[in-house]
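Some notes on the structure that comes next.
Going in written order, the chains are labelled A, B and C, and every chain counts its residues from 1.
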Amino acid sequence: MSSHHHLVWNGELTTRLRLIRRGMYLAAPGMLWILLFLALPSLLLIVVSMTTRGDYGQIEWVFSPDNFTRLLGFSSYGWSADYLWILFRSVWVAFWSTLICVLLAYPLCFHIANRAPEKRYFWLTLIIIPFWTNLVIRAYAWLLVLAPQLPFAKFAAVLGIIPEGSPLYPSAFAVYLGMVATFLPFVAMPLYANVEKLDWALVEAAKDLYAGRARIFWHAIWPQTVPGLSVGITLTFIPAMGMFVVPDLLGGAKYMLVGNLIQQQFGTSRDWPFGAAVSLALMVLTLVGLRVQRKHSGEGGVA
Amino acid sequence: MRRFHWIVPFTAVGSLVFLYVPLLAVAVFSVNASRFGLTWQGFTLKWYQRLFANEQILEAAWNTLFLAGVSTVIATVLGTVLAIGLKRYPWSRRVYTLLDINLHLPVVTPEIVFAAALAVAFGLLRMVFSVFEPGMLNMIIGHVTFQVSFVALVVGARLASISTDIEEAARDLYADNAYIMRHVMLPLLKPGIVGGAMLAFTLSLDDFVISFFTAGPTSVTLPLYIYATVRRGVTPDIHALSTLALCVTVILVMISERVTRKTNKE
Amino acid sequence: MRKILFMALAMVLLAANMAMAADKELRIFIWSEYMPEDFVPNFEKETGINVRVDYYESMEEMIAKLQAGGVSQYDIVVPSDYLLPTMVNLGLLARIDHAKVPNIKNLDDLFVNPKYDAGNTHSVAYQWGTLGMMYKKGKVPGDPPSWAVMFDEKKQAGPFVLIDSVREMLGSALVYMGKDVNTTNPADLKALADMMLKVKKSKYFQGFEVGTGARSKVVAGTAVAAIVYNGDGLRAVAEDPTSGFANPAEGAVMWVDNLCIPAKAPNPEAAHTFINYVLDARNGAHLSNWTQYPTPNKAAKEFITPEDLANPAIYPTKEYVNKLQLLRDLGKDNRLYDELWTMIKTR
């Protein structure tokens, strides 16, 4: 067998078996850790999703597909699309939040890349700071901005969008604000890495050929930024679908996303089996999302 | 300097304003004398004073740092050797793919699903081992799980840029495995390890969801504390606490920039 | 590297040390703002027991936490009457040793051997009260106001906050509809669902919140009405003269909160000491004078502020008591309410 043959590996005379064994010693602790505390628990989630909630909120090991039919909308009160609607809404919100972030990130990155090199550091720091600021703080900060005493809510009240003296939350609008503010740095940072190294000769060439702005962007700039953009989109779309803090604080009961539904099942509803089923649905959506994203960007996605 | 359509700088500055308005609002209201509501009633620092008298907040601050510190150390060690073991040895293609998928799991799994899986797993583990009750141990386990993979990815990227020639050269000079690891690999990997550790540390500080599902009564962290208080009705103390956290973030970002630039130069 | 490892080791030792120190304490898991500020310090002084207090914002949250491992981390929890059978069935509660709680003789007859916990085997009443309405004065008609300002689209007077607690929320809605708060009649539940969904769609609906959150919204002026527990409302009103509190005209849900000991409490000895401390006449009165809830403690009545005894928002009048309804544990039928609630919250 080849594993018993001697071979030279990075200058060392050894056997394949010895190398693999040594590699295993190094990789095993970390790999096992992930396997034990993420991979296996995820499989457990599949098992639990097929159990039943007992009358008092305990897990009963009675296996049935009920949680999944319930997810599809069947309950004691007849059929309704509630849960499907929440799943759809989560994808929808994630999609638009990501798109808005991308649209804002391009000008932001161009603007920064266009500063004198010694000043770029300062501008970049301006993006990095929110990136590292705790999510809970950034989400609740919007509660202050949208409070009824502040001009934004007063203005909206004058326009008749909300009753006077109301805050601008909980609402879909507030959720979008929170989402875009949360994820803009996630798109901007990887995108900037590409924009900074942009080959402007291509742009000049396109200009010489009298291409319009849109065509220049599409043919000369966009292809060069795809790797960073694709990382940014992955970093935004996937966490946005499962986001819990932002819709919880800014959407309340008015704009529930799948992240809140999962938390609710594990929290106040005490229905772990159904919570597990919803988690699996989110996991499937995520994998589909990764697939689609990878197909469209070739290599360069995170996964 | 290139000239862009005016929309570009306008949108860019607008986006930054959009990112900072809420943070500024928090800072402003943290020095507002009004107890209830959001009308300006004069400058005060009393909310900051109250912070340092609040044992719960001090305990939460300590828990946050302890959790981040311990989990980062564990994750950095595990992640670094994991990256070396995965990238520097002749795995068969199929095994490598499986290991790589496992390594990426924490990156692609939505946080809330990860948290739910952990909650279920700890719930069942608790039936056998009572140490897995909600608390610091569970939180550290959860944090290490996602940190390991980020550290391994950062270190792995650095590893890819180090030629195996160096290893060979050391071997030609009769260095043994341990010597190569200690005096060749680790020094070369240092920027990657430092970068990975800093990423892991900040990820832990930033985490809310995993902690939310695994914390116990004595292991509340600052994000959990802030969240619980906000749900109860925001108070000015929380503005002060958040402003301080923001300042710490700014300082951390500055330090990390310095360190990265320095290690990159080395 | 060695330095880092050393630091980590030091941290672990320190943490272990802290855990040891924490072992002796009494851990109370209770609603926020449910004890006067000096209550715990006084108890600590008198007994030498260290106390750690942790708060929850809803009954469901409390049970969920206990089920997720909290059952071995807290010594005292304070569930409402209608949840006791559920918690006992889930094995979450320990029996109370009456020999260690001599002051149990102080309990008012109403709370001795209650229906929800025969023989007080697992619970001792802590406070009782009603779910009423806090409102902005001048913005909400009627004295006392009607539940209609929330549940009737045409009579809504401004932004309002509902309560984030399944049975209590739906119970209050059923009171407004003139139905039994424990109904399992499909037609009633259907009507309830329709009404709640309509209410939720109202432009004035400000969300489901519990206790302090809802209250501070009325104080801050972001809502003109909110469903709150009577004591919560009365305490807020005392600080903010622009707000008022009343038990609405149609009636209200009544509740009894109870001191209980989780099944695997780390320090049950101290828990019994605490229960006995609360049941002391003077301590019980001190508690209720501050919480503004009626006391279930017969012996404490003589130390209760006379104005409070005369306040119908705290101690309801004889006629109004007939309009109060107590929630019951519905066993298998709890599911009807759980499903209804999830539907209302998600839609």
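Some notes on this structure:
We adopt the following convention: a residue touches a chain if its C-beta (ideal position, glycine included) is under 8 Å from a C-beta of that chain, and two chains touch if they have at least 3 such contacts.
Just so it is clear, the model here is predicted, and its values are computed rather than measured.
If the chains shown are joined wherever they touch, the resulting network links each chain directly to all the rest.
The interface holding more C-beta pairs in contact, when A-C is weighed against A-B, is A-B. Centres computed as Cα averages put subunit A at a distance of 37 Å from subunit C.
Separation between the centroids of subunit A and subunit B, computed from CA atoms only, is 16 Å.
Residues of subunit B in contact with at least two other chains: 37-38, 119, 123, 234. Of all residues in subunit A, those touching 2 or more other chains are 147, 266, listed in ascending order. Taken residue by residue, subunit C touches two or more other chains at 68, 221, whereas all remaining positions touch fewer. Contact residues of subunit C toward subunit A in the complex are 58, 60-61, 63-64, 67-68, 86, 89-90, 158-159, 164, 166, 190, 193, 200, 203-208, 221-222, 224, 331-332, 334-336, 338-343, 345-347. Note for the complex: subunit B touches subunit A at residues 1-2, 4-5, 7-13, 15-16, 18-23, 25-26, 29, 37-39, 78-79, 81-82, 84-86, 88-91, 99, 102-114, 116-121, 123-124, 141-142, 144-145, 148-149, 152, 164, 167-172, 177, 202, 205-206, 208-209, 212-213, 222-223, 226-227, 230, 234, 238-239, 242, 245-246, 249-250, 252-254, 257. Across the interface of their complex, subunit B is touched by residues 1, 4-5, 7-8, 11-12, 15, 19, 22, 27, 29, 32, 52, 54-55, 57, 68-70, 72-74, 211-213, 215-217, 219-221, 240 of subunit C. Chain contact summary for the complex, subunit A toward subunit C: residues 55-58, 75-77, 80, 82-83, 85-86, 147-148, 162-163, 165-167, 170, 252-254, 256, 261, 264, 266-271. Residue ranges of subunit B in contact with subunit C, taken from their complex: 36-38, 66, 69-70, 73-74, 119, 122-123, 126, 130, 132-136, 186, 216-218, 228, 231-234.
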